[in-house]
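Okay, structure first, notes after.
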Amino acid sequence: MERKQYKQEINITPQLMERINELLSHYPADKKKSALLPVLHDVQDAHDNWLSIELMDKVAEILEIKPIEVYEVVSFYTMYNQRPIGKYMFEFCQTSCCATRGVEDLMDYTCNKLGVKLGETTTDGLFEIRGVECLGACGYAPMMQLGDTYQEHLTKEKIDQIIEDCKDGKINLHYQTNG
Amino acid sequence: MKVTIDGQSIEVEPGTTILQAARMIGGESVPPAMCYYSKLKGSGGKCRACLVEVAKGSEADPRPMPKLMASCVTGVMDGMEVNSIKSERVTEARKSVTEFLLINHPLDCPVCDQAGECDLQNLSFKHGKSQTRFIEEKRTFEPEDIGPNIQLHMNRCILCYRCVMVADQLTDNRVHGVMDRGDHSNISTCLSKAIDNEFSGNMIDVCPVGALTDKTFRFKQRVWFNKPYNAHRNCTKCCGKTTVWMFGNEIQRVTGRKDEFHEVEEFICNECRFDHKDPTHWTIEGPRKFEKDSVINQNNYTQKLDTVVIETETGILKGREQDRKKISMPSVPLKREEKEIFNEGNV
Amino acid sequence: MGKQILFDKIKVPGIKTYEVYRREGGYASVEKALKTMTPDEVVTEVKNSQLKGRGGAGFPMGMKWSFIDKKSGNPRYLVCNADESEPGTFKDRFLMEYIPHLLIEGMITGSYALEANRSYIYIRGEYMWIYKILENAIKEAYAAGWLGKNILGTGYDLDLYVHVGAGAYICGEETALIESLEGKRGNPRIKPPFPAISGLWANPTVVNNVESISNVPWIVNNSGAEYAKIGTEKSTGTKLISASGHIKKPGVYEIELGITVYDFINSDEYCGGMLDEHPIKALVPGGSSVPILPAHLIYKTANGDDRLMSYESMSDGGFATGSMIGSGGFIVYNDTTCIVRNTWNFARFYHHESCGQCSPCREGTGWLEKVLHRIETGHGREEDIDLLWDIQRKIEGNTICPLGDAAAWPVAAAIRHFRDEFEYHVRFPEKIKNRDHYVAEPFEKVKHLVSGQLT
């Protein structure tokens, strides 16, 4: 299948390279490919949360594997994005428990509020809404993933608040451990 | 080691798979294989067309295996008893796999270059039904140009992974692979980059369906009108032993030499395959015979054929009376005897 | 309050941190095992505990450990399966988030038992914050000398790492997990060879669920025989249950195996009864893959015994009238739930999560979803119900890995127990055109429409 190509500025900073090397140290020296999934997460994080062909080629070069091996993996897993996406990605869980606790209404509500359909980015590039499958928060339904963490027990009011917080830059997409 | 398949016993070496043992026995008991390819390491286990029933695990542990086993990846044990075509469970499973492989298949055999030598066509002749229960819209993929020699028709692909293994095992720089997942998995280079290496053409030979076909042969001929000959030439890159597919004095296609299970005896290089269509480049050894009872073989020139008479052929161009009226053709009167035939409705 | 093994200390303030965990007696099992026991003695204790694997399949953990190939001399690996993705299941997440050192302690003791010097925790990518919590906890454990070279001066070396996935349910299947850990697509491998012989990088590997491994410290500290005294004869120990759906108190509960389903749903200690006092309609007791139970088979088995929260009682009656405890993903549905819609939802999940490697699953899961979607949206045909039955039957048992079965069973059970609802959808499409069609008019009220036609 032909794929649309997007331009991306690639910047493997020294900090990122340091992190990649740390991840590589988790595997035997001749098994660099094993670090692919974790490395892709960090590389994606440092590049507006998506991976262009050029960026994947760069990862292949670092891990000393063929580019196609990276493309195959990136397209298999749902958490890697192959096109530019909204900064705040609302990933609503749609599976059984969330569905029975009303997630579909909330998704409609959020789409209407932001004026986008599922899988579209708002014109300001801030928001994107997606329906995903079970995120393992069934007891706290309905819920969505936003960045590294979960927003649970959602209501329309909570969503309004989250959208405001995103606009005000109050939402930290990255989870920080205190250690 | 002794293994019994459909009541026929054979002694085999340890490490032999059930499928290999069945192929040694031959005949009806050989399970169909859509993804296994003996020359490709790690192939098999995926299509599930070769499922068999293991009625007795071994002499040491005679318990039957509860599930049907993929015969291409299951090793034989001493004293193992296997049911293949004899078991209703097995034929039922083959029917199921055939149906699954066909629901999203475009069924475009009339315009497919693989028709006549297609494993899926053979499988459906044997285990398929003429009706479909699938009323949904079929899955389709955007076309991708993978280069000047090979045509990729993703809609026909059954994801056997053979072409990926060819690229992995015959070349040192694989540029295509399986993208995405589930029923949207597809063979792709991601880049529309030409697949360009000396052995890429073997992807065509190993493809069990019409997903990868020879661009230099595209729409040239139905394969059953070609006469295959064994031929060879001095080649520095490969064995140079091929089958050339002739029409009159013209070589329309060059392939590897395929055995009765549609596997090539030896892989050949792209130069032999694509660049030598002149008969003077080849030493022709003689006609290539096909042992397997495949769709192409039903019309093969090596067999004596009876003349087929199609009852309706004489009147078919003129159409039925009611249709002729619909398209305002009554001004062309039918002859009296023609009219009688149409009135009987034997069209 | 039943016996608590995993949650015993979970309410202690600061138990997330190394200092508090250690102060509360943490890492004692590592000391005991490394200093006073041989690896095989640890395996024997786990065997004696009769602990069944808590990931869903319920394979005895000690037996799995004893299969690992120690003779070849190849490096061995213990891999923890923290790819918790089975709909309805969120227990491992709870353990790892609130008491991460328990898992790390279990990993060290377990790795020692298997004589592994390198181990991994494979966590699903969506649990990104827990990945970071675990990485941090591992750093703490290294700093305190529980990991690294020559642990406690015993000469035993162990490196432990967290490996993060990236969104694929199939990676919960142990061989797909290993593939993913090797940096590949999560395609399950063909078995045999089993991981115990040839797993990670073709070396002997054991893959265990988070909850299973978290039980190891207690078993080593108190003996396998003590563990086996908890629970019932065949279902020993405690089990984490992730309760969700239409109940008053969804959440993760540690139960002693063998309590009644009735008590679990209705007592204030656990689920606290049904939400808004709606009647119970159906139960998925062990994650989306297991057969759904209709109301009359939830509290009682087919022969009238109390249904218990145990492996044997939950599966009493086989698939005809029973189910499975599976991963402990306990989803309760009330009368506003549409079984057809829910079955379609599950089918969509499996369609989305199929790896696409083998034909019955790749093609069959998509087909199931499309037919179910058609029925749910009022475009079903009478023959579609039999078609669904036939498709699921053709997937089951014919695939490389259990995902095919997991996709087939919920459809089979829904038709087996709720066929009349499917018929209602087919025959009265105008009545089901809104997605919340049973909220205003539960099926019980319109049931006569289809039963009347049948007689």
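We call the chains A, B and C, going by the order they appear; numbering starts again at 1 in every chain.
Rule of thumb we're sticking to: contacts are C-beta pairs under 8 Å (C-beta built on N, C-alpha and C of every residue); 3 or more make two chains touch, one makes a residue touch a chain.
The shown structure was predicted, so the numbers you read here are calculated from the model rather than taken from an experiment.
S.K.: Per the contact rule at the top, check every chain pair and give me the one with the most C-beta pairs in contact.
M.R.: Chain pair with the maximum contact count: A-C.
S.K.: Select the chain whose centre, defined as the mean of its C-alpha atoms, is least distant from the mean of all protein C-alpha atoms.
M.R.: C
S.K.: When the C-alpha atoms of subunit A and subunit B are each averaged to a single point, how far apart are the two points in Å?
M.R.: So the centre of subunit A lies 41 Å away from the centre of subunit B.
S.K.: Rounded to the nearest whole Å, what is the centre-to-centre distance of subunit A and subunit C, using the mean of the C-alpha atoms as each centre?
M.R.: Distance between chain centres: 25 Å.
S.K.: Can you list every residue of subunit A that touches 2 or more other chains, as numbers and ranges?
M.R.: Those would be 69, 72, 76.
S.K.: Among the residues of subunit B, pick out those that touch two or more other chains and give their numbers.
M.R.: Residues 178, 180-181 of subunit B each touch two or more of the other chains.
S.K.: List, in ascending order, every residue of subunit C touching at least 2 other chains.
M.R.: 168, 185, 352-353, 355
S.K.: Flag every residue of subunit A that touches subunit C in the complex, lowest number first.
M.R.: 26-28, 31, 33-38, 40-41, 63, 65, 69, 72-73, 76-80, 94-97, 99-101, 104, 132-141, 145, 147-149, 175-177, 179
S.K.: Across the complex, what residues on subunit A touch subunit B?
M.R.: Counting only subunit A, the residues touching subunit B are 1-3, 53, 66-69, 71-72, 75-76.
S.K.: Can you check the complex and tell me which residues of subunit B touch subunit C?
M.R.: The contact residues of subunit B facing subunit C are 44-49, 51, 67-68, 70, 73, 93, 96-97, 99-101, 103-104, 133-134, 136, 139, 158-159, 178, 180-185.
S.K.: What residues on subunit B touch subunit A, complex-wise?
M.R.: 141-145, 154, 173-181, 186, 188-192
S.K.: What part of subunit C is in contact with subunit A in the complex they form?
M.R.: 84-90, 93, 124-129, 132-133, 135-136, 139-140, 161, 163-169, 180-186, 201, 242-246, 250-252, 284, 288, 329, 331, 333, 336-337, 341-342, 345-346, 348-349, 352-353, 355, 435
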